[in-house]
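Next come two complexes, and both contain chain A; in the first it sits with chain B, in the second with chain C.
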Partner chain A sequence: MGAERRRAAETFATVFFLVGRFFPCPFTPLISTAVASLGAYGLTRLRWRGANTFSSLILVAYLMPGIMMLIPIYQVFSKLRLTNTLLSLIISYPTFGLPFATWLMMGYYSSIPTELEEAALIDGCNRFQAFFRVVLPLTKPALLAVMLFGVTQAWSEFLYAYVLIYSEDKMTIPVGLAQMITVDVLPWGELSAAAVIMAIPVLAIYTLGQRFMVRGLTAGAIKGGG
Partner chain B sequence: MAVAEAQAARSKMRMTARERRRAFQGYAFLTPWLIGFFAFTALPIVVSVILSFTRYSVLRPPQFIGLKNYRHALLGGDDLVWPSIGRSFYYAILSVPLGLIASLTIAILLNQKLRFLAFWRTLYFLPSLTPSVATAYIWRWLFNPEIGVLKPAFEFVGLPMPRWFSSMEWAIPSLVIVSLWQNAGGSAMIIFLAGLQDVPVELMEAAEIDGAGRWRKFWHITIPMLSPVIFFNFIMGIIGALRVFDTAFVATGGGPAYATWFISLHIYQTAFVYFDMGYAAALSWLLAAIIITLTILQFRLSKYWVFYQGG
Partner chain C sequence: MASVTYDHVTKRFGDVIAVNDLTIEIADKEFLVFVGPSGCGKTTSLRLLAGLEELTEGNIYIGDRLVNDVAPKDRNIAMVFQSYALYPHMSVYDNMAFGLKLRKTPKAEIDRRVKEAAAILGIEELLDRKPKQLSGGQRQRVALGRAIVREPSVFLMDEPLSNLDAKLRVQTRAELAKLHQRLETTFIYVTHDQMEAMTMGTRIAVLRDGILQQVDTPQALYTSPGNIFVAGFIGSPAMNFFDVTVVGTKEEMYLDGGTFKVQVPAHKAPPLYDYLGKQIVFGIRPEDVHDPEYAPPGIIGAPVKARVDVTELMGNEVFLYLVTGTKTFIARVDPRTSARVGQDFEVLFNMENMHVFDRDTEMAIR
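Let's turn to the complex of A and B:
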């Protein structure tokens, strides 16, 4: 009992420690969002041979179970000695983050009329100028939504972090919490505190960005369904 | 003849300076994304296909064994495969329709002219953002037979409380309850809400003039107008339900006596407890094939009941 309690307390200390150390979690969403906003624009607005193929490939990528992608990732990472590093999470999260971000952005672009950028192109802008000056400002809400979803996903993700990280000092919060649960006598008080700590950032993010998140979610679902 | 064709082909290939600049700009947009797509999506998929045809236990290099993994999974070499797929389907069949009904009900409630709408919407949406590990833990506590909150409630009503996660019959329905709590107010509800707000007012007014009551308006206008959204949420729900892992892993660990041993847990166990990577890759392709087939099937069937406005 004493040992278990101590172990639980130590894990709990780790959890607190992690709140500070999991700052890389906005990093992946930031890059995913940037790449996805350019890519989704290319997929929905530019005419090129692969556009349709790649658009449907995103749907296929979205259908792939996370555990399926994790098996090859684990192979490659253990070859590269990347397992048990936070870097492994930063590199592996785009496997689901990028298709998701692209999917949402594609939905959003198809809800923006093309006339604006066409006017810009006729007025002598090139594609980049049309994109950065006309389209990008319009997609700000979607960009923010994609970012915020990415951050909450990275914050809550369990399976990848559970498999790729195994030393206590590097665990993310969901893994630390799951680790405490495997002890037979459950330290309910500490567990509840950890669960609340986990939920607070998510709550804060949503409260700040809820208008954008709602719009970002609905644009793709309603227009992109057909 | 041949000369003319060659000339035509050459003139097709020769691009004007403007066209070339256009093409270059297109590639500039797409290159980072294509690199990301190949590195993070296509590469893992290809590696996992290759692994699924090998015997590979991490310590020794992979050994090509053809279709043996698939034969082992499908033809009864592994007693857990078919029952675990069955359990995943049972979970999906219970959780998806109930989830859709719950989401639609909440969306209809929130579509009334309410005060503090943003507050209510946040309140219903939060469980879906709460990390699933925390959710699973909270429900383990709620369902706890000794200290759980539900116990006094059942005693008050005078009903015997089921043993939830620790009973064979109740384990999967308990996980369905968890998923309802988690997802009923989530993205599906938000999408329903947006769909409800898109239903044209003219149609409703016309129906009212023709004397339709609330119920008939709901069945004959709201539901058909919502059908694309229902379809989208249905597909997403099925995909999510067949892949469910976190809550089952944390809340029940697949037990009691394999009662919640879903296919995702079976793949996890094969890959990361037994390190039978080749076989696990084959199993994960089995799951992927089921999901892809179901999605294609649903798209095929959708034309019979989904109504797209305008087009």
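Let's turn to the complex of A and C:
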């Protein structure tokens, strides 16, 4: 009984140690949200040649499986000597998170009447002020949805973290979890405990933010929605 | 307070010409109404003045200042949108104060102006509410208030009453006219509703397919429309039109519509001398078609026989839908009329108020 308790304590200690490596989690959604909110605004609201083509290209990029970009990204990162750094994850995660975030934000902007910005422009705003003071506060649900997706994506991503990181002290939780399996030995108890602990933050985030998530995802779906 | 000048203004969206060579001078303190059917370029004209669209050709002046390349915020204008465009995340007070805050107006001054505008519009008790907690009429007032506090030199209004119910629209129409008198500022108002235009404007500009048809006072537009479009657009029910041939002599001239023949009063005949033997368009307003029994004394009435197709009792008057040959026309007659559906009925055209138009150019013959 004592040995089992000790083992359980060790497992939790290991998992909590891994939780400490959620380093990319706050950064990737921040980058995705900042770039997507500005980019999507430019694509939906500013009239410039090629905006429609660019929007379609973003959709194509979104449809492209992340695995297809893995080898080129690895090659680029190894030339830049970025492999085996957490920075490589911070930079690479938005490459497949950003198209989705941009697409979602574009849908949301389309649901905001242009008259609001025009009223702000007449009231005394320039484009940036109209964006930051009138449009952006109205996109809170979409911003939150984008952030939550970014966090959960970075939290649970396995493939890139597995390929780009190879020293144990930098591994993220999903990779760390996989490392618990040695050849054909599956420590079910530890794996299950670790999986539960890993799920807790995501569950908490979704429970708190689901209202906004749903609102963000259905944005622009119906007139007056969002 | 300022005058506004559109000088040969053209706006194209790709191949579509939304506004075509618009030239109009709007005097200081004037209430000018742009009116026309949807797609006629009236809203685009207003948006060009607001700086929300870029001109393709021409110049726009506010006062003496050329504003072609001036940002909307620097034009000293305020606009009320059809959808009101209130900022949903701000309270009524903040909505109204927003423009002043951006201009770094002192807090006390902002407070004074917002409260003053709220008092004028009767929305003092709504200042802490959010737009979604307001009714349509209240939102409309807040949108007006947001424009008033800015004390702009020109007010622009893009169909601000179209989202209100009929009763509130009539009430607000009168209040807007009163507001114009009180503020003594230039108002430029866009509507597709000719009734709104007639009741509020000091002058009305009628647009069609981006081209200005006529600018004049409501009364002049009504009594002397410049072409068939203006004649048909202004007035409700619309003017009746008939294809007729000018027959007879210079001394005794008639308009022959096939199933009817009406005499042209001698003093109305000279402009038609050149049209003798030719086809023209003859127009007569429904209120100038009378039931002989209740026709006002002294009118120059020309009798026309027709069959009563439909009658509509409006309370103080009756609309008769009459048919002569294959042509249907409307008469606005006394409610005591004896006309009944299916009956042959003789009406009198008041030829003193007849309108005649060239068939090809559609311009009024004067």
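The rule we apply is simple: the second predicted complex is superposed on the first by the 200 of 226 C-alpha atoms of A that agree within 3 Å, B and C clash if a C-alpha of one lies under 4 Å from a C-alpha of the other, contacts with A are read in each partner's own complex, and residues count from 1 in each chain.
Rule of thumb we're sticking to: a residue touches a chain if its C-beta (ideal position, glycine included) is under 8 Å from a C-beta of that chain, and two chains touch if they have at least 3 such contacts.
Note that the structure is predicted; figures quoted are calculated from it, not measured.
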Is A:I122 touching anything from chain B or chain C once the two structures are fitted on A? First, second, both or neither.
second
Figure out whether A:I90 sits in contact with chain B (first) or chain C (second), or with both, or with neither.
neither
What is the contact status of A:V76 with respect to chain B (first) and chain C (second): first, second, both, or neither?
first
For A:P113, is the partner it touches chain B (first), chain C (second), both, or none of the two (neither)?
second
Of the two partners chain B and chain C, indicate the one touching more residues belonging to chain A.
B
Contact-wise, after the overlay, does A:V134 reach chain B, chain C, both or neither (first, second, both, neither)?
second
Please identify the positions on chain A that touch both chain B and chain C, taking each partner from its own complex.
126
Could you list, by residue number, the parts of chain A that touch chain C in their complex?
113, 115-116, 118-126, 129, 134, 137-138
Within the complex, chain A is touched by chain B residues 21-22, 25-26, 28-30, 32-34, 36-37, 40-41, 43-45, 47-48, 51, 58, 118, 121-122, 125-126, 129-134, 137-138, 140-141, 147, 187, 190-191, 194-195, 198, 228-229, 231-233, 239, 242-243, 245-246, 249-250, 264, 267-268, 271-272, 277, 280-281, 284-285, 287-288, 291-292, 295, 308, 311
Write out the stretch or stretches of chain A touching chain B in their complex.
32, 34-36, 38-43, 46, 48, 54, 57, 60-76, 78, 94-95, 98-99, 102, 126-128, 131, 152, 155-156, 158-159, 163, 173-175, 177-178, 181, 186, 188, 191-192, 194-195, 198-199, 202-203, 205-207, 210, 214, 217-218, 221-222, 225-226
In their shared complex, chain A is touched by residues of chain C numbered 50-52, 71-73, 75, 77-79, 81-83, 85-89, 98-99, 102-103, 146, 150
